[in-house]
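For reference, the structure I am asking about is given below.
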Amino acid sequence: MDKQKWEPKIVAFVCNWCTYTGADLAGTSRMKYPANTKMIRVMCSGSIDPVFILKAFERGADGVLISGCHPNDCHYNAGNFHARRRWDFFHELLDFIGIEKGRLQFSWISASEGKKFADVISKVTKDIKALGPFTDYQKMNSEFTAFFPEETAEDHEVLNKVEEIV
Amino acid sequence: MNYGYFPGCSQTGSAKEYDISLRRVIDKLGVSFDEIEDWSCCGATSAHATNHKLSTALAMRNIMLAEQQGMESIIAPCAACYNRLIMSQFEIANHSGVKQETEKLLSSKFLKDIKVFNVLELFLKIGINKIAENRKRELSDLKVACYYGCLLVRPAAITKFDDAEQPTSMEKIVESTGAHTIDWNYKVECCGAAHSIARRDIVVDLSKNIIDDARAHGANVMAVACPMCHTNLDMRQRAMRRKYPGHEEFPVLYLTELIGLALGMNERELGIDLHYIDFKYADSALENSIANKMG
Amino acid sequence: MTVRVLPGSVKIFSGVEYSTDYKYMCSDPGQNLIKEAIHKYRLDAIVVGSCSPHMHERTFRNAAVSAGINPFMVEIANLREHCSWVHDDIESSTHKAIELVRMAIEKVKRDKPLTKINVPVTKRVLVIGGGIAGIQAALDVANAGYEVVLVEKEPSIGGHMSQLSETFPTLDCSQCILTPRMVEVHQHPKIKLLSYSEVVKVEGFIGNFKVTIKKKARHINEDLCSGCGLCITKCPIKKKAYNSFEEDLAFRSAIYIPFPQAIPNIPVIDETVCTYYKTGKCGMCVKVCDRQAIDFDQKDTMLVADIGAIIVATGFKLYSIDKKSADSKYKGYGEYGYGKYRDVIDGLQFERIASASGPTSGEIKRPSDGKEPKKIAFIQCVGSRDDSKGISYCSKICCMYTAKQAMLYKHKVHDGEAYIFYMDIRAGGKMYEEFVRRAIEEDDVKYIRGRVSRIYEKNGKYIVKGEDTIAGMPVEIEADMIVLATAMIPQDNAADLARTIGVPYDKYGFYNESHPKLKPVESTTAGIFLAGACQSPKDIPESVAMASAAACKTIILLSSDTLEREPVVAKVNEDLCAGCFYCKKVCPFGAVEVKDVKDINGIVYKEVAYINQGVCQGCGTCTATCLSKSIELAGFNNEEIFAEIAAL
Amino acid sequence: MKDLREHTRELLEKGEIAAVIGYRQVSEMRTKPVIVTDPADAEHLVFNEYCLNNLAVYLTKARIKALCRTKDKTLKLAITAKPCDVHSIVALIQENQIHRKDIHIISFNCHGVVKDFGCEFNGDNLASKCITCETHKPLYFDKIFGEEKETPKASDQALARIQELESMTHKERFEFFKGEFDRCIKCYACRAVCPLCYCQRCITDKAIPRWIESSSHQRGNFSWNIVRAFHLSARCTGCGECERACPADIPLTLLNRRMAIEAKRSFSYVSGRSLETPTLVGSFNEKDSDELFM
């Protein structure tokens, strides 16, 4: 892959009530940020399992962002407080095992912080770009490992075809 | 507690009597301290106004010296010195990069947390009952207006000591000498501070307001804990009389001098005779008896 | 991004039967396109690439339903707010759009049809707080025919409004308009009033709350007391307790009613000052009460009520600026001398002084010497809009009440002078700006734009040092009395109560509404509504409007026998659950219960988690906590999220 | 030893307990776990420096639980547990796997055990958990035996190893763990001996969707070991059985210990020490650090 052309692939797991809505606001306000991040909407930051992050790395993500409501602003009162403890451990663990802290980032973005959302995405994109492709993790296994029994490597390759169409 | 003493420039010049009285009083109360060796400017006035890095480095240099000389805390009698020292400590602790930068400038690392005391904190720490216990004179005929000025209690978030707008700690100390304190309005108002030289006209007005309010509330003497305040309130009274011919002289003492009087020392021992406004208090009979003893 | 390439691009993903584009998919013709395609291609799931699901998810789901598809088999790829509006580069944004659609396709392939959940509704409403908001909400709900339990922590309902003299912008007497409402509450057959009581526990969920209320001991048998007040006049303790209704400007006896119009008109004994509780003697009140209503041994009692919906109307308090509170969360304003100078008072104290029923019978007098102040200064924004010492927000009502108080002063002291220090005048509201103009123009109140730095006393006068920012000059005013318009903050125990009832609150302690614009009276907890100043600073008309809105929302809720809820709830796989109950520990709603699993002999051999679907709000915190992955959140189950990750 | 045997025999004879989970000597420097249900077998029970196994793992096994269930009542289960094994029991009680009233804890004043069977008991051969052990007396027990004795002194090499790793770069650490995990053969012995791995179906066995890559290639080994360590963070009581059981000698306690350090440092929490303290997982404090979050 041409290093010059390489663009990081970033996944954001965001809660439905604050960050997702904050991202909507960034859109409504026509703020600009890089297109590298795709969002997966969950109901609460408390419901994001750390294994999701590993799975994202397996599928080629170079970085992951977790974002939810500010403390005391959780739609479900306390989901984010539980999440905060969980991430503290997981982040320390990944760091200890040798995965740079910048690969997995966290933020609190409320429904009214469209600007902050755009800023955070820009910052994360910049950070991950600086860290470079996360081939360390992906390259450990060249084989395709299916998440589901019926999933095939070809399914996954379809996206490359799309690129040609575009 | 192993105290280090940071006199600061005023203590060696215009506020010599503050230095003398502090040393005498502390000694009498049985507390020992060592002057920080090779101390330098605290970074107040010009450094602090022109070069922020320099003023922080100057202040931290003194703290670093104290640390290296094995001291656990510093007594900074001058309110400006006190303020510069704690402000620098605050910046080092709270503003990113300042610590590293200052350490680099001083080529040394800050390892310990050195506590900086102003005189009010110092006496509260020694214990006001200790003053009362060692009292030789009852200063009960003195009605003292305690004047804090600006630097002792502000900024409240950093000094973390007493109420910034309605402080009362000096009153507690003064009352331990047997003197009365008055409740008045100007205890934290501006005296004019460093304008003393450049804009005497401003200082004269501001300081006169302070003296007038103290007098109006029944005070017959004022206690201060800052060389700058003392300069403005004591030395500028002549200028006040020139501008306001009706102005009557009003004695302004350092807190330490007041305590010294209570502990039985006389004006000469405490340096009160160096003031512009005369203050005669010591009971001659008692003085004689002390003199006899010494003789 | 280039929309026209999208249908062709996404068509090649496995499982995609049909794809097309249309400019306004949410319009009727657009929806018809979807419906027709469902019929024509016999589709069983739909992905719409459109605006945010928060906008039109419901529209498209309804369209799917009308074409015979389960509404939860519709997924939205957010191509507008999250793609086209935020990325300039055409190539990369088109690419991202295709990927977003693919993620939605993979998710929808794993989606399962869901059906809405029905839960029964208890037709009884709890209103917490008996101020004007609580009173209004209780009356509205009760008049619609539903039972109401109104809980007030003070001995009487009425709240802060009962303390006010006159109200802006009409200057009608506060008590005169409030008292009839209080009486109506008392007499309403559908309202059960629990005064001197507090909510201590809330369990359950929308439609089915179980609320525990502590009825504090008044030491009076309420059934026997006739409210004659003889005990109060005979009580020998006269000057030991400050009268909090009079904002400490007067004293009260040990047995007291807060104010003459109190509802219920039943006294309370203050144990902290009553001689009987100190020495075991006195009992003067017992002697004079011919109905034997005094009961020194009365204890706090606990009541449990089944409740369908809760309206929280706990109101506000004023920012404390006295020395007592100087070391609390809110720092004092020592430079204004409140608590030191007796003639420096706050807004509520002035209300009492101006009130005809107050300690001075409505005559404006200084608390220190009872003299009429000839010059009075009001200072606005004490605590409000002050990031360094106070709070960041605007307390909203102070501009208006300060104008009113200055006006009342001028109406009572004709030769007096009134000064107001202000930052801005915020008089938005019907007849509000006109009211302020009237204060300035007709009543000659002098407005000075600027802050006050210090107040001190000099020869019985108060010197107010401030700045006139319009003239660009320092100003000094010699006033006889000072009124500080201190900020409105939440009640002391607001955060504790929020945790008890389960509503989120902001950093100040104000309760959070579900949506700042579209759901202003709903809390984020289903079945709990907010009214009045517990949500943010409000004046009376706003509190009343919000109370009626909350009542209306409650009535809608109670109007049906069962409730339909979104089926986004968690479910446990009982075969695999190891029964560690971490899910129970993390559940913010107490939805997880312990269920016994029995063997063939009826012996319990393991305990597993069971999720009460009526209580579950669908956050999914349990699913991430579950170590063996034995809980799934319907609509966002792990398979669905894995599918999205797989499609990255 | 005589006391222990008499005590358990008495309990079994009285019919108060269904079984004793204990140790029996198999050779001079080796013991193995034994489940005693017959009072006559109580004479085999021992306790000494070679009782390495953490028997708490058996408390959650269905077949052993079944021993306690009779038609009319539930019998107690007796367990001989070192003070450190009691931590595991505490954690199991907190996680609702057993109830305190259903077990009879027989514990000992402990001065350490050897790191492996067949080693002489001395400072060089002390199990690494015993070096930093602060509970030589059990925190919870129903019966206690043994005298207090001095624990041999030894240096904490595990901590030194962690500190050494932390001073490396991320790349170096990643390579280090890659090398270690490379040996993993996914035998799940670590899971089998862990008292806290009591799930009926482990996350790694969940196939639809596939949570953890089950083949033992490098990435699959990473995901298993990361998830194992994460699932035990703030729960692991540090018994070290996983590392002892690992046939590939992967230093699993490094990860567990590192997470325990984090629990202590950020939350002042040590797992399995108190029945009264809420578990760290499943509780929160509004004042927890917000440092991680932008």
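Order of writing sets the labels: A, B, C and D. Residues in every chain begin at 1.
The definition used in the following text is that a contact is a pair of C-beta atoms (placed from the backbone, for glycine too) under 8 Å apart; a residue touches a chain by one contact, two chains touch by 3 or more.
Note that the structure is a prediction, hence the values are computed from the model and not measured.
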Query - Pair joined by more contacting C-beta pairs (A-C or A-D) - result: A-C
Requested in this report: Going by C-alpha centroids, which chain is farthest from chain D? Tell me that one.
Outcome: B
Query - Intercentroid distance (Cα basis), chain D paired with chain B, Å - result: 62
Query - Centroid spacing, where centroids are CA-atom means, of chain A and chain D in whole angstrom - result: 35
**Report entry** Chain centre separation in whole Å, for chain D relative to chain C (CA means)
**Finding:** 48
Report task. Pull out every residue in chain A that's touching 2 or more other chains. Result -> 50, 55, 72, 78, 82, 86, 147-148
Query raised in the report: Mind pulling the chain B residues that touch 2 or more other chains?
Result: none
Report task. Find every residue in chain C that makes contact with two or more other chains and list them. Result -> 586, 625, 638-639, 642-643
**Report entry** chain D partner contacts - residues on chain A that touch it in the complex
**Finding:** 50-51, 54-55, 58, 71-72, 78, 81-82, 84-100, 105-108, 120, 123, 136-138, 140-141, 143, 145-149
Report summary line: Within the complex, chain B is touched by chain C residues 323, 326, 331-335, 337, 340, 454, 456-459, 463
Report summary line: chain C residues touching chain A in their complex are 2, 5, 8-9, 12-14, 52-54, 78, 80-83, 85-89, 91-96, 98-100, 102-103, 502-507, 512, 516, 524-525, 568, 586, 588-589, 617-621, 623-625, 633, 636, 638-639, 641-646, 648
Report summary line: Given the complex, residues on chain D that touch chain A span 165-166, 170-178, 203, 207-213, 215, 217-220, 222-223, 226-227, 229-230, 233-234, 255, 258-259, 262-263, 266-267, 280-282, 284-286, 288-290, 292-294
Report summary line: Per the touch rule above, chain D residues touching chain C in the complex are 65-66, 69, 71, 95-97, 198-203, 206, 208-209, 211, 231, 278-279, 281-283
